[in-house]
Structures are given as C-alpha cells and as structure tokens.
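Okay, structure first, notes after.
Residue numbering begins at 1 within each chain, and the chains themselves are lettered A, B and C in the order written.
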Amino acid sequence: MADAPTRPSPPARTDALTLTPALRVVGQPVVRHDARDKVAAATAYAADWAMPGMLHAAVLRSPHAAARIVKLDTARAAAMPGVAAVLTAKDVPRNTLATDVPGQTTAVGPLRATLHVLAEGRVRHQGEPIALVAAETLEGARAAAEAIEVEYEREPGVFTPEAALAAGAPRVHDTGNLLAHWHVARGDVTGGFARAAVVVEGQYETQFVDAAYLEPESGVAWIDSDGVITIRLSTQVIEHFRDVAEVLDVPQNRVRVIGTYLGGGFGGKEDVTVEVYLGLLALRTGRPVKMVWTRQESLLSRAKRHPYRMRYRTGALASGEIVAQQVELLADAGAYAYLSALVLLYSTVTAAGPYRIPAVEVDARVAYTNNPPTSAMRGFGAMQTVFGYESQMDRVARALGLDPVTVREVNALRRGDVLPVGQVIETHAAVAELARRAWDELGPPTPPRAPHIKVGRGLSCNFQPYGRIVWLHDWSSAWVGFEMDASLVVRSGVPDVGGGQASSLCQIAAEVLGVPLQSVSIHISDSALTPLAGTTTASRQLYMSGNAVLKTARELRAQILSVAAPMLGADAGDLAMAGGAVHGPGGRTLPLPEVLRQCARAGVPRSHLAVYHAPAGEPVDLARGSGKVFPDYTFGAHAAEVEVDTETGAVRVLKYAAAHDVGRAINPQSVEGQIQGGAVQGLGYALMEEVILEDGINLTTSFASYLIPSAADVPDITPIVAESGEGLGPFNARGIGEPPIGPPAAAIANAIEDACGARVSRLPITAERVARALGLVV
Amino acid sequence: MIVSFVLNGRARDVDVLPSETFLDVLRDRLGIFDAKEGCDEGVCGACTVLLDGRPVSSCLVLAPSVRGHRVTTVRGLERGAGLHPLQDAFVKHGAVQCGFCTPGMLLTALAFLERHPAPTRADIRTALEGNLCRCTGYAKIVDAVEAYARGDSNGG
Amino acid sequence: MHPFDYEAPATLEDALELLAEHRDDAKLLAGGQSLVPILNYRLAKPRVVVDINDLPLAAIRVADGHLSLGALVRYHHLEESADIARHCPLLKEAAALIGNVRVRTLGTVGGSLAHADPAAELPLVLIALDARVNVRSAREHRTLTARDFFAGYLTTALAPDELITDIEVPVLGDAGYAVEEFARRAGDFALVAALAVVRVSARGRIETARLAFGGVGSTPLRVGAAEDVLVGHEPSEERLARAATVAAAALEPQDDAFASAAYRRLLAQVLSRRALARAVARALEVA
C-alpha cells in the first residue's frame, strides 16, 4: 500500500441545523460504559461462560444441497464414551415451525414458510442440520457427530432463481418455487420513456455475502433451579424464547433467553441460531450445554444476504430530470424462506432510489433454490438496490453530460414528495445537500502516481428505512428507576450488537433526569428480567428503545417532580432536574435522595415502566401504491476517489467521504463509528466479499477464502454527520445502523468508470472483472 | 502432561493434552477469556497472544509448545489498578464497538510499537492488517494507536 | 481436534527414529501454521505428532558463497537477520510478504517447503535461485535441487521418514532482485507471484536472469524461455516486456473459483515485467 497522508482521521463535519436548548449528555461523544470492559477483556461474551457439569454440543450437517435421507442411524454415535445425547428430527417435540409470509399478493397466494429444526427425510441445502450431539468434551461431540451413519440419495436441485422459476423445475418446497412477488406501478412509464431524451438500460448482479461477525454463533443453556430453561447466547432477538418454547412444547414462561453483548450481529443473529439446539439438549440431558459454531460451520450454514439480479430502465430529460424508471428484481431466497418476503418488500419500496420520479414500475420476485438460505443482513434488501439505482443515475449523468451532483440535486426527494408506493416524505430529505457535501469533501483530485494508474471519483446516494414496517405495530418498553441514593437503573430488553445500543439509553435517561452519566447502570437483554424492547434490527433500536427510555424517564421525572413540588413550595412545571438534584425557583434546591425518601413515605414509586408505541398504519396494497410503509428514512451520500491499475484492473480506494443526516447524534462518536464501520463493510461488499457456490456447494468456508477488508485495504472514512433536527427517534434522532452500508458499491463502480471508462455491473468488483471490462482479458 | 510457562508475569503449571490448542488451555482450563476464538486458522487475529513479546495465533499453538515461554494476554497489560495507556486511548477514541477484535488489536499494536515507535498511519494499518475488525472500519483504531504512539497525555 | 500421541525429541537422531517407526502415521510439528489448521478442521488425524522445535536446526550461516538456513529458521528471522540482509536480501523481501505478522512469528522455512503451496513465497525463491534442500532420514542424507523437491501440488519428494534439515541458498552478490505479488486482499495468499533475479554486466548487458512464478502451476516454476530472451541483451523496456510476454505464453495456469486462467496469465505478464524492471534497477544500483 502506498502511504496515506499522515494525519489523524479527519474530524467529522457535524452541524445542528435547528435551535434546541443545550443538551448536557445527549449529543456528547461520551465514553461508552461497555468500552472499558471490552478493552480489559472483562466482557463475558456468549462463549466466555462455563458451568459445572457442562456438556459440549455439535451439529451434524448435510454435505449435499439436495437429497433424501434414506438412512439415519445414531446408534454407534450414541454408544461412544462420553456421549450424553444424540437427537434427530423424531426427538424434537415440534420439529416444524411455520410462519405466514406476510402480505402476499393474489399472484402468489397465501404462503406458509416452513422451517425444520432438524431435517426430516429431505435436505434442501448444504449445511442443513440433521442431528445434534452433546458429549462430555467438544472433541467427543464432534467425533460422535462424524460417527452418525447417514445415507443420502441425491436429488436434482436448482441453483439460480431463473432456473427455479422455469417450467418443470424441481420443487424445493411443495408450495412451488416462487416465494414472494411484489409489484408497484405509479404513473405512466411508457409515456415517460417516450418523452425521455435518454433511456439507460442496465443489468446489475449482486452476490451472496456473509455477515462475518468476528464472534461466531455461541451460547450456553441450563435448567435453572426453578425449572426454567435458560439460554445465554449471542442474539439480536431475545424474543426467540417463544420459538424455543414452541419447539420444546413447554410454556413460554419456562424459557428464558439472556442476550450477551454480541461480538457483532449485522442481521446474521436475527434468526434463531443455537438457542433451539441448546434448549433441546439441556432439556434432554438435564445438564448445562455449550455450543459454539466453528467459523467453517458459520460460513457454511448461516443465512446469507440475498443476491439480486436487477434490471433497470431509466428515462431522463436533457435537464437530468428522471421521468420514468422501470425495475425488475429477482432475488434468491435459498432453501428456506426466513425473512425473504420482507427483504423483497424493502427492495421494492426503495428500488427507484431517493428521487422524485413521476412514473415508476417495480416488479420484484424472490424464488426458492437449493442454495444456502438467505435472510436478514444489514440493509435488508434496501442495500442491494442502491447498486442498481445509483449505477443508473451515474450512467444517466454521463449520457447527458451532467456532473453527478447536479443529477442528484435535480431529482432528490424533498419533504412532501411521494414515493412510488404512495408514502409521503414527511421529514427533511437531505439527499441533495449531502451529495454536495460528500463530493466536496474529496477535495482536489489526487494525481495518478504512475502512468498506468488512473484516478476517478464516484458518488452514491441512498435512503434506508429505519423503524419497522408500520403495519407491524412496533413497540418497545423500558423500566427506569432510582435507588435510594439517587443512582439510576435502566432496564431494557435491547440487545447490544456493539453499536452502543445500551450506552445511548443511559445517555437519554441521564439527560432527562439530570443525573451524571456515571451514576446510571443498565441491565439489558434478558427475556425474564428486562422489559421487552424488540429486535436489534431494522435500525430501530435508537428510534424505539430510545423513545421508550425517553418516555419512561419523562414520566418518572413527572412522578418525582410531583413529590418535589410541595417540598419546594412550587409548581411542578417550574422545577428542573439537574446535577443530581431538583431545582426550584429562587435558587431552592433539594438533593435527589431527599426527594426519593419523600417518595417512599408518600408511596410514590421511584421507578416507572412504560411502553412506546410507534405510530402504526394499515397494510399497504403495493399494487395500488397507496400508503406509508416505513416510519421514516435516513438519507445519505457517499463519495469515493479510487485509483485503477489499468494493467491489472486492481482498484484501490484513496479517499472516502460518507455523509448521513442522523437527525440528532445522541453520541457523535458512536455515530461516526457506525458510519465508518458500515462504509467499510460496504466496501467489502463492493470489492472482495463473495460466497462462491457451485451447484449449491460453498467453496468459501474459511476466512482465508471468504475475504473481509483488513485495515490495509481501506482508507480512512471521513464521516460527515449532518443533523437536520428531524427524526422520529429521541431528541429527533434517526437510525444509523444500516444506512452507511448501502452506498459504497455504486460509489466505487461509478468512480471506476470515471477513472478508466470501464463499467462493472456485477459484484464484487474484483480486479479480474475490471480487467475484463477494460478488455485486458478475453 | 504438565506444561510450565509464564503467563502475564506469573509462573503457571498446567495439565494439558497435546491435542489442545493454547487457546483451549487459556479458555477452558484456566478460565481466561482474554483471547477469543474467531476462525481456528490464524486469519482473524481474535486469538492473538504475545509469545515472548511477539504476536501469535493461540488457536494454532499446540498446548505443549508454550513450555518455557512467556505469554502475555490483555490482562497482562494493566498497570496497577488502571488500564494501560493504549487501552485508555482505545476507549477515548471510540475504537471499541463490539470489542471482539480489541484484545488482539491491543497486543498486536503494542508489539509493533516496541519495534516501530514512530509510525505513520499507513504503517499502523499495515501492522494491523492481520487483525480483522467488522465493526469499526478501522479509522478510530488507527486514531487510538497513533495518539498513543505520539504520547498524547491520557491516551489523547 | 482428534487426539494423538505427542513426541518432542531432543536430538535429530531421535526425531528420525520416530519418523522411521511411524512414517505416514506421523506429522511433524514445526511452526504449526499449516498443520494446526488442518488438525482444527479435523481434516487430518495423525496418530503421532513429532514436535521438532527443540532440534538444533535454526542456524543461519554464510560459507562458500552460500547461505545455509536451518529448517527451523522462522519467517521473522528472515526479515530481521543481518546476514540475510547482506547476503540474500531477496529472502527478506519475500518473507515480508508471507501471511500476517503472527504467521511470521512462528512459521518456519522447513514448514513452508514441506507444505509446498504453489503460491507460497519461499518455494518461489528456492526455485528461482536453484537452492538446495538437505533432507535426512534414519537411512541417509540426501540433497535435492529445489526443482526436484517440489513434486506437485502440495506434494514434495520427501519420503514419509524424511525431514528437511536445512537449505542452501546462493549468495546474491551484485544481482538485482524483486518479488511482485498480486493478492485479493492484504495478507491473503498470492493469486500470482513473479520473482526476478538479474545480473547486469559492466557493459550494461544482462549476464544472468532468473524468472520464476508462483500460483500459475502445481508448483512454482521458472520459465527458461523468458530467461533466454534476456541473457546477453540490454535491459531495455522492450526487452523486459518481450520476456514477460514469452513467460506468460509459456505458462499454463488453471481456472479456479478465485481467478480464471486467462487472468492469471495476464497477471503473470504484468508482474514479471514489473519484477524485472525493479530487479534491473537494483542491479544497476549495485553495479
């Protein structure tokens, strides 16, 4: 790597566009409480846990992508020394989970997506779990898993959505291979194309990728002294205790999930991973059981990001105004549905980009194949479409001889505009100004360092929903309470994936109740002991749990002040809480412990539990384009400068700026970290990450073959944190977990075309693909 | 078999199997979770410990191989009751998100700075290229290491 | 991993006796960077692991125009040794490209050769320099040329009862050298590597040339036809480019999941041209 300039990472450009009273804790780059523990390696992750008499578990998985199991004999394995249990499908009380796939159109009909805990007679993807083993040692469990006798009869499989949807294709499920189909049409696309000065067509293909968190799936389960099956694991969703209860056929109040601080999630720990297996084995053996997936196992069998084939047709006037956009999306659900229908919905809603386009048609389908299942991953369908729509915008700009920023400015959504699905943009949409800022941040062009090097720059804008679909009636609850000495406790079910989820809640509570941040302690992510807060997904936690804590803290504040008011001889409305005290008019002050003692005497609780309900809506009929789908969106723009080695096709990112309007940055340092981390994950997606499958067989089941960016592969990401002051979260914040991962792929593709004229429309943009686009290889 | 080595300055004698890795010994026999299991093949760096001051993948060191050697893990960095200034710098600069890569980053950075006390940002990135991070995008980790190397007071 | 018997012989003789006894049932443990991953993945289940780290095989010596490197010399020694920097700095440049810093702490010269990855740096250096590999069994000593040593993909000429004791690498003298490597990500294995060693006479003509490639065949290999294009001529840009073209045409790389044969061929051409240019520049500096 050539030397990068020696300077500290550029300070984020942050501004507050609205006037608000000065905040004391919120808005400060406070040190996160979990950071201290983590640098000292004091945080106990899910695998950092051992219990007396603990067994170790292993999973036997199918080596084939499509097969019948004609023989399954566990006798030899079960007889091996130290083996405590060997389970197959027949040992699972309720082996099949079925969920309704939401909002199906009449074209597909009602659909139940089935999932088996352990394979029953048939395996549909490589890595599908067939049997579980628990043994005294991990080596014993793995050896026993190998000793299970399985005979397979291979069956024909399908390995692309196109093949799956062709007539006569083998059926992955009896319901047929088309899993979901969404269609949106608004305005007159034919008329639009007719009056367009240019029509740009493009096909874009994205790949399977893995979440590749550093911490593999892990957990320990045991049966507590009161008979509660307790599962301590790394998960983004503690509510899966209900799935465990259903599978085990036990009452829901007999299963407890304790979520640990995750070593990364990114959507890969949103579905059930180890919890059901652990529950089964703990229940069967009566002993604690530990399961930690190997990296190979995780790369092999964990759900991936949906790959897409996207066909775009974009018509624009000479001014750059887009007048028609026609999009066809085809995604691969892999062997099981998981969250595919919802992912497709996100893609459908965002397919046209953050632009005001009068005529839009989107036709989106997702099909089953015998590839690994695909499910949630950071960006959730709204991420892949950015590659399509931003590659198109760049090509339209080129065709018209306009610069990239101008084309965005001409078309960018503004408040009051209507999306193709009929949703009105109700908050500030910052696309245009963010595009300008990100672009300008690149500064003067870097001169090429050698004759065979070309330098170019590219822009990419996006919008990512935050908060769940409005007709899912999302809610989050929180408990906030004072101890007698005025130290504060927050309890929230929120799982912390490393983005400072827990820390932000402490900031909010401290801000509202006027106490020092250090006096706040928080308990999170325990389905039995913390109020449920919903999933850490969908960029929803700051919005939902932040609002839940905000609401709870405000109501607690009112309770406290109702007691303090007569003590100070004032109206509650004239009181303030600050510095760990209550302040009244005329400089009168009461230390909090005094007020709290009075609360105790008066029988007024020093704690409060509240629920925040997101504004809900009715399901939208996408075909009629009639309404609000998501609560709101986070808008962003990234700009990249790259160099292309025109002899090898190698691409190096020289400079990178990432701008997002976050409404308000609760913790600016955390927001920068999310932007930088998301952008780098997006660069991995753009340049090097790919799950390589051959007829459903995964060739990249190791970190040596599945490549994620190292520190030497990416430059400093300059985060630009814009604060419009408009967002639905606490203190007008917007979600920032997912948005930064969307723009990089198109920014890089656009920069490469700018540098050397080669357009790569397939991800990842490897050096070989660039070389081919340059005509260096035939 | 009994293996004798020095761990964070303290002599240890541990009964091990030859078919265990040193990572297994730390975590399962000694209950020390400073090193993490990320990939079992020495690529990710989450299992990094220092062996006689040099970084190694403890997932690739068989248990008997540490006999007679000096091993350092993150808890060996602490100064009295407080954090090592590099740990402080990581905290202050927001270089920690999920934290899983953090112990490996700290040890690798320190071993590197022993030999290269005045690195450029590019040098730091190259030095850390064997420690994968999925959360931070690396910039703030580089900030922290750079600030510490500069000797910024209190970690910068 | 599957359990095994563990032996840690204190002398070479003891080690060789163990190999004679156990042969294919035994695996040697040196740096562990190739062996332990396959043990972790349960891909290999040896009955015996023979830990040779106590053997006195880590010396670096210079004698008679050769550098002798013991099999247990670690990659980081190659980077840090003053003798290597003076007598064969090519080894230093190649070693810095190997894996990551942790691999370089423990990985050994002998381990790299025994693993025989066609994309690995040290086998490439040995092929380019015509190094010699000394192996021993309880029966005999043998010396093999590098070309004979690397028999095929991940395959060497080592008999099951043999181990590598040391290698002999010619001193570079005033030759210029360069390694050019293309990897998909920092620290990743090379897709293609090209190594050039060139000696330029006082009259400005190439006296000797070695051009070797990794990642384009089942073993690292030299392309004599390309070397012939260079010897006796001035090292002009056109001459180097022609050698690179001849080299690329002579190679028969394979398609695989990570790169096509055609792309590897392109890389071979570009990297060899660049390696030759740098090697020539170094040779002219020294002259």
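Everything below uses one rule, namely that a contact is a pair of C-beta atoms (placed from the backbone, for glycine too) under 8 Å apart; a residue touches a chain by one contact, two chains touch by 3 or more.
Remember, it's a predicted structure, so these values are computed and weren't measured experimentally.
Trainee: For the chain pairs A-B and A-C, which is connected through the larger number of C-beta pairs in contact?
Mentor: A-B
Trainee: Central chain, going by Cα centroids?
Mentor: A
Trainee: With chain centres defined as C-alpha means, what is the inter-centre distance between chain A and chain B in Å?
Mentor: It comes to 29 Å between the two C-alpha centres.
Trainee: Give, as an integer number of Å, the spacing between the C-alpha centres of chain C and chain A.
Mentor: 44
Trainee: Chain A: which residues touch two or more other chains?
Mentor: In chain A, residues 1, 139, 294, 296, 704, 710-713 touch at least two other chains, as defined above.
Trainee: At least two partner chains per residue is the criterion; list those residues in chain C.
Mentor: 1-3, 40-41, 186-187
Trainee: Going by the touch rule set out above, which residues of chain B reach two or more other chains?
Mentor: 19, 40-41, 43, 126, 129-130
Trainee: Spell out the residues on chain A that touch chain B in their complex, using ranges where they run on.
Mentor: By the definition above, chain A touches chain B via 1-9, 29, 31-32, 34-41, 43-45, 47-48, 50, 139, 212-216, 261-264, 266, 292, 294-296, 497-500, 669-670, 672-673, 676-681, 702-704, 708, 710-714, 716-717.
Trainee: Which stretch or stretches of chain A touch chain C in the complex?
Mentor: 1, 139, 142-143, 146, 294, 296, 647-648, 650, 688, 692, 694, 699-700, 704-705, 707, 709-713, 766-768, 771-772, 776-778
Trainee: Could you list, by residue number, the parts of chain B that touch chain A in their complex?
Mentor: That would be residues 19, 27-28, 31, 33-34, 36-41, 43-44, 46, 73-75, 78, 83, 87-88, 90-92, 94, 96-103, 106, 120-122, 124-126, 128-143, 146-147 of chain B.
Trainee: Which stretch or stretches of chain B touch chain C in the complex?
Mentor: Against chain C, chain B makes touches at 1, 17-19, 21, 40-43, 45, 48, 51, 54-57, 59-62, 64-65, 108, 111-112, 126-127, 129-130.
Trainee: Provide the residue numbers of chain C that touch chain B in the complex, in ascending order.
Mentor: On the chain C side, the touching residues are 1-6, 8, 29, 32-33, 36-37, 39-41, 49, 51, 53, 76, 99-103, 105-106, 186-187.
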